[in-house]
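As structure tokens, the structure follows; a few thoughts come after it.
Letters A, B, C, D, E, F, G, H, I, J, K and L mark the chains as written, and numbering starts fresh at 1 in each.
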């Protein structure tokens, strides 16, 4: 519509029992339920819970950027 | 519903004339009017205004994390 | 309504082919379409795309703070 | 005098045996003896001394911003 | 014993339902059960849990410095 | 025993020839040999050695948090 | 006078309704009223106020370095 | 050539007597003399020299990212 | 040749559709085409593109350290 | 005079042709000409000029803390 | 024993009246009294006390990494 | 040639068995073999290896800035 775009970033924490990548995928998938035009993510923190002396699940804090519609 | 949760963090600034803790409580209370399932907060910055040579009010910048419903 | 205010900050990326200031103005203008009571912004990052060996457009990542109505 | 203001920030460390807030108030009060037009503060660090296994006093490192007169 | 001292820093997280200061005191008191010659603390992070829309407890991440005996 | 807990964080570097996740698991497993009540980890740095032009092993610097018994 | 120089840095906030560059120039000009031998500046933060949905003015936080006379 | 790209980032400092944007353009133009496939830049620092109480020139430290040919 | 070594670090961005580890491997492999004696890498940022609501590819920004020949 | 002290920190850049330590000593000595009750310093940055392919002089950016008299 | 190692990092503050290097050596020597297999150190902060207008002693905050035996 | 200069920064790690300053000199000397017009350096990290409970050698990570010829 115009010659410039505007984006918004939201901060989402995904988790997974398996891998960092799956935690990222879970965050992106959940975010996509309410947000359109997602374009990129940035990992801010990687952490997790420990259960019985093992990694219980990974938690990845992401910023997800999406284009604001009509911008 | 699933074996993993997804959280969102929002950034809120609370203020109080009295204390840092009250500024945090004010931010959490206001945030809770529109957000459910708040689980934690992280203090990002503590600052404030000075009025007549004294602290006028404290301002605390928080990130508040909440679970996304149904995630 | 009360003796204290609560603010929210959102993270917006504006862009412009011309200048950093215009990218900021574009971000603020777009944000103002859905948010009232915007009071301040903070520049988090300045970056841009390069096209044919020249700056194609500037991208400025801002945090925009606005007062939560009735707080 | 003009349509813009200029501010200076100074870095002050206040202390208190009682609370973080009192350490901030002490820093602001002392700073106000030599500086006028103080408008805001930013907490940079919170730390303290330990005496006999208890907090002896809190030390809060602040930046205090004040308007330069006539700016 | 010598003309110089050596210190160690440990990272402790204290919590309190009441205040940031009490969370710090709790961390220092617990640390003092196993460590002697504690001399200072540095606040690294302030955060907390939210329960039923209110601050459930404050969590303060500290570094506590203590002199290594005989150094 | 009391209504508040105190935690300690230690900094551990795990390594693995295979993946970042395995390096984390290795660090947690080794730490668990001397520490009980591990509850969470935070990734501080991800790095590694290069051998013959390939990743020789991943090194992940973690902070591991555990509850201090009886706190 | 000697074979080495000593510099001091002060932290100044300039503002402008027009541009980031003018805010910097305003800070430098005001600082120059009380300080001689200014040699460099470093931008620490760029922010601003929003008025009626537009940038009201830019605020640029600078460190300004100047040589201490006779050093 | 493959289904993934590899980029390199170099750190360049551009300067200009006029504006931050021109300093960026100067850095990009100079970098383009020896590097092809430049795609983006990131501003790392903005600073400058002060001459006779005014901004002598702006210095902008950029990272410039370019695609490695054939990657 | 001498009793000390000198290393250089370059900043490389690798990408992969599959995993963070593969993005690192891709960056290291590409870098190895022009650089010898690579010894270590440090992950600076992890990010990626989102395509159709899923991770399109991971992008990992690395610093790669290599020994300068004959140093 | 009171049961608490207030300190101020100033930022000073010392230089030396010989060593980092001498640059620090030069900064402290110069600062001591106008400031009393200096108690500690913190190194913020270490840098320097290169002349004819060698270190011309070291520049050390310090914060120097001093007690405000009568506080 | 295994094909991977695990390391721990501890944070130690060494001091010296003479030099930064000696403060580092003092920290390493003291740490070596209770820890085996020390492999590397990282300087986190350099600071010191000022006595009678001169550097009284240097304080260097280090992280010291050591291999956990049998890992 | 023009009224503005462009600089490049490279990241070099120097080492020395003796001192931090010598590690810096070694890095600058080695860098000078392939780069002309070096003008300044910035210390990014100071670290080192420990051998037999003593500092084996210091490693200093520098950024070295040099003017691009003809800029």
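What we mean here is this: contacts are C-beta pairs under 8 Å (C-beta built on N, C-alpha and C of every residue); 3 or more make two chains touch, one makes a residue touch a chain.
In UniProt terms, the chains line up like this: A, B, C, D, E, F, G, H, I, J, K, L = Dodecin flavoprotein.
The model shown is predicted, which means the values in this text are computed figures rather than measured ones.
The chains that touch both chain H and chain L are I.
Of all chains, the one whose CA centroid is most distant from that of chain K is C. The two sequence copies chain A and chain I touch through a face in which the numbers common to both fall below half of the numbers used overall. Superposing the C-alpha atoms of chain E onto those of chain F requires a rotation of 120 degrees, given to the nearest 5. For H-L, the equivalent interface among the listed pairs A-I, J-L or E-F is E-F, as over half of the contact pairs agree by residue number.
Each chain gets a centre from the mean of its Cα atoms; for chain I and chain J, those two points are 38 Å apart. Inter-chain centre distance (chain I to chain L, centres taken as mean C-alpha positions): 21 Å. Centre-to-centre spacing of chain C and chain G amounts to 23 Å, using the average Cα coordinate of each chain. If you average the CA atoms of chain F and of chain L, the two centres end up 33 Å from each other.
Among the residues of chain A, those in touch with two or more other chains are 10-11, 20. A list of each chain pair in contact follows: A-B, A-C, A-F, A-I, B-C, B-D, B-E, C-G, C-H, D-E, D-G, D-J, E-F, E-K, F-I, F-K, G-H, G-J, H-I, H-L, I-L, J-K, J-L, K-L. By the touch rule above, chain G contacts chain C in their complex via residues 19-20, 45-50, 53-55, 58.
The touching residues of chain F, counted against chain E in their complex, run 3-11, 63, 65, 68, 71. Here chain C touches chain A in the complex through residues 10-17, 23, 26-27, 30-31, 57, 61, going by the rule given at the top.
Residues 20-21, 24-25, 28-29, 32, 38-43, 46, 64 of chain L are the ones that touch chain J when the two sit in their complex.
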